[in-house]
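The structure is given below, and queries will be raised subsequently.
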Amino acid sequence: SPEARAFQARIDAGEKIEPKDWMPEGYRKTLIRQIGQHAHSEIVGQLPEGNWITRAPTLERKAILLAKVQDEAGHGLYLYCAAETLGVSRDDLTRDLLSGKMKYSSIFNYPTLTWADMGAVGWLVDGAAIMNQVPLQRTSYGPYSRAMIRICKEESFHQRQGYDIMMKMAGGTAEQKRMAQDALDRFWYPSLMMFGPSDKDSVHSAQSMAWKIKMNTNDELRQKFVDQTVPQAEYLGLTVPDPDLTWNEDKGGYDFSEPDWSEFFEVIKGNGPCNTERLAARNAAWDDGKWVRDGLLAHAQKRAARKVAAE
Amino acid sequence: SPEARAFQARIDAGEKIEPKDWMPEGYRKTLIRQIGQHAHSEIVGQLPEGNWITRAPTLERKAILLAKVQDEAGHGLYLYCAAETLGVSRDDLTRDLLSGKMKYSSIFNYPTLTWADMGAVGWLVDGAAIMNQVPLQRTSYGPYSRAMIRICKEESFHQRQGYDIMMKMAGGTAEQKRMAQDALDRFWYPSLMMFGPSDKDSVHSAQSMAWKIKMNTNDELRQKFVDQTVPQAEYLGLTVPDPDLTWNEDKGGYDFSEPDWSEFFEVIKGNGPCNTERLAARNAAWDDGKWVRDGLLAHAQKRAARKVAAE
Amino acid sequence: MDANAALFQFLLRMGDNTLVLGHRVSEWCGHAPVLEEDIALANTALDLIGQTQMWLGLAGEIEGKGRTADDLAMLRDAWDFRNLLLAEQPNGDFGQTMMRQFLFDAWHRIMLERLADSGDGRVAGIAAKALKEARYHVERSADTVIGLGDGTEESHARMQAALDLLWPYVGEMFAPDNVDAAMTQTGIAPDPADLRPDYDAHVLKVLGEATLQVPEGTFAHGGGKAGFRHSEHLGHLLTQMQWLQRAYPGATW
Amino acid sequence: MDANAALFQFLLRMGDNTLVLGHRVSEWCGHAPVLEEDIALANTALDLIGQTQMWLGLAGEIEGKGRTADDLAMLRDAWDFRNLLLAEQPNGDFGQTMMRQFLFDAWHRIMLERLADSGDGRVAGIAAKALKEARYHVERSADTVIGLGDGTEESHARMQAALDLLWPYVGEMFAPDNVDAAMTQTGIAPDPADLRPDYDAHVLKVLGEATLQVPEGTFAHGGGKAGFRHSEHLGHLLTQMQWLQRAYPGATW
């Protein structure tokens, strides 16, 4: 259609699409799915780190972790707001999360088992997230782009904090060093999975890239992540759990083993180590909180009514 | 009445009253209250000790504590059975406990705060309980007397185990010794309260003693307990938290300070440190367990019906 | 009691209150009824932990044995804690958490206002910083208590149950003892009993707006701030809070 | 893997299963739905802790570094535990606890029957003792699963939910690895996969009587017996279980 051609032309020209502008249904739907999933990931992502807040080893670490988890909830909020500009409510998105209809990042279905996991999550998981998100600051949809700009600033801070924990652990006692290695062993492949399936198996990609909803291919980002992370692991004195990892002079990057994609698809299907618990935790929060939401709403209505009556 | 006189004569002659025998309503009611309270005490008494089962310091200590708490539940069972012979059901008694209508021993409204409390509870609380219960083996009501005989055997075993914990603590590190002293400080006066108010303030006593439901006065038993316990504390190298404690050569026993009876009456009224929690825990167990009781009952009925149908 | 020892105890009380309550609030992380509440609770916990660092840091200095705020937080057993019993009570439902928060915040704000004028400059300095946060906390928790108390029938009933449960823990905040006497004498801190009229005025007003009834009777639990008898909850809280420091002594994190 | 190291791992698996499950069951103490169940649960926990003492005691001997059963129970962190993930799952409601117990007991009985014929006399001896208890446990837990599954509509629904939740933890019991290979080779323990037919026969019969449906799909969680990836629950359990030994190192209790 002419509208679709004009729309694509705007995108090609680097213009931002704003909420009131015309957009193809596919663009809207894809954005809702992508932004919604990202928002859900921030919310569910509170859980594996929240798991260690009550066991943080020092007051300083507890404060940093609290601030981080608070930031994540804040990111969730920005993103739900961005999604709302596309005509879907936060409650609708939440219900789709809770019913399992919408997904969140598969990484949060892995458990956090030692304090070093707080380091690994910051270093690897936030690191991979940033790799995904930095290009999205230039995405074509205005509200999403602006949310990404705010989020990226905080995420890179989180990643540095995570790496700082890894430094302390890798340079600490023998047990701490062992914890650090163990965390890397468990989070390496799940982090690689965060970029999604290999390009040859990835659906939706071409259209999303044309719309500038997706800025790079999964494999490009994964390669970039590996190239960035391997020297960091070496600096920590830790071993990346991939015996086939080698520097490839020709491509100027590492050759590395693919993650076990069957595991990835199992996790997506609901069969990860923590899928059931994560959804149960979010459902419990929602169900147990119903009386609170209802109560606060009822009070707001009473107060508004009283105000009207008094005028 | 002639029946009442004959009944009293049997008791005076040392005969046991059995469930089918005639008995005065007051005797029945007093027994139901006393046995019921005792049963409830065994049940609620699981909670302060249960609080440390998951933190027991060694496997052996965990096993001993589990066995003890299991025994207490067993005692509760004997005693409810004894009460049932008087025409009251366990469920009725339970409902009266849960509504706060019936009481349990005030001692279980005190918290257990360190591992030494497991020692103090065994040594002092079971010690006081035995002091109360040994004479009750000779009580006039047959089923109650027989329950007491079984219970006393186990209780004295528990007391020894408690004292053994105190020995380890009092002979242990400086911190353990401090824990042991702290436990004695907190449990001394509440243990003295277990014998009930001073004879001059005690209601029901004369009739209960005539009926051999109560075998000794509160003050007699309290004196006996102090005389037995003080040398044990000395042997442990611990200080009884009573600056006025002195040996009285004339009476051949210790002079000691009365507990703070206003605190006792507050606890009885519901204002002890843990009254609310103890009742809440029992109510939660009962309410949460309803579906289980209903389910097992429904199954038993189905099975019985199937059996009848098959015959 | 010598003045220094009393000041140490007093600082432990202030710092243990914020430490233990901050820990409790942090248990909500990821589980609150609305996203905005998740953020607000994390923010409250963060403020309280920050205040803990200041109070326990100063306590360690005053004690003079080289113990840091972390040492005091992570390496004392329950009996050496000096927080109010209110602070260690379990979260219960969201209403119970917010009622606990309001009953504490209302006291905390007044206490910090007085301490901002402390004769001890270090105490006054910490109090002045904490006061800004406490004012915001009490405004928020009061609003929530009002909103839920004056909300639906269910929310009202839950808030009344929370108030009934927690009210007996209020009295401890105002019961003076020998540590308080020493603090009053040296002009470091007010007599806690003196805070009660302001507290009652504020709290009764808020509870009134919330359509909640203060329970009858004057019974008050005690034993937390003196450390004589905490509740059974504190020990369980410490098993989590102190786990890593206990399991890996001497490690740096 | 050398034979001794493999045996050590195998013994840890047996002992950590009973330790962790025994701990979970003991959490019920004083909170069960009926007094008889309180007693039965305490009894089960007691048996499991007793078996732990034997298995971990032997593990310590085999390791030869002077560690006692208590050292192994109280001073290892989560990653050194070798229990099945099933054992560490939270209690949930009474139905979930009993379903977990039944799914474990059914395996445990068969495993102990095989181990009672172990080529290692010490293993055979412990297994023979434990077997008597396990037979009683499985009889009881099967009865309860049947009673509640075939009870009311609510009890049926809860038991089905418990089965749906826990079934994915069953597969780990039968997945052999290099430790199991070493055990099979030395004739100490059976190949876990060989136990599955008997297990399925027994379990499916009981679940049938309980009118419960085994969930579809073959997905099975793993990582517990190998220690590679426990669930988040184990760490929390250890904060309680190991508290005193961690807080007061070297003390005698």
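Per-chain residue numbering starts at 1, and chain names A, B, C and D are given in the order in which the chains are listed.
Keep in mind that, in the parts below, a residue touches a chain if its C-beta (ideal position, glycine included) is under 8 Å from a C-beta of that chain, and two chains touch if they have at least 3 such contacts.
This one's a predicted model, so the numbers in the text were calculated from it and none came from an experiment.
With respect to chain A, maximal separation of chain centres occurs for B (centres as means of Cα atoms). If you compare B-C with B-D, the chain pair joined by more contacting C-beta pairs is B-D. Remark: chain A and chain C have CA centroids separated by 35 Å (rounded to whole angstrom). Residues of chain B in contact with at least two other chains: 55, 175.
Residue numbers of chain D whose C-beta contacts span two or more other chains: 77, 239-240, 243. Listed by label, the pairs of touching chains are A-C, A-D, B-C, B-D, C-D. Per the touch definition, chain C reaches chain B in the complex via residues 77-79, 165, 168, 219, 221, 223, 228-232, 234-235, 239. If you check the complex, the residues on chain C that touch chain D are 77, 236, 238-240, 242-243, 246-247, 249. Across the complex, chain A meets chain D through its residues 48, 51, 55, 110-114, 175, 179, 182, 186, 266, 271, 273-274, 276-277. Those residues of chain A that touch chain C in the shared complex are 43, 46-47, 50, 53-63, 66-67, 69-70, 73-74, 76-77, 80, 90, 115, 165, 168-169, 172-173, 175-176, 281, 284-286, 288-300, 302. The touching residues of chain C, when paired with chain A in their complex, are 19, 23, 26-27, 29-39, 42-43, 45-46, 49-50, 52-53, 56, 69-70, 73-74, 93-95, 144, 146-148, 150-152, 154-156, 158, 240-241, 243-245, 248, 250-253.
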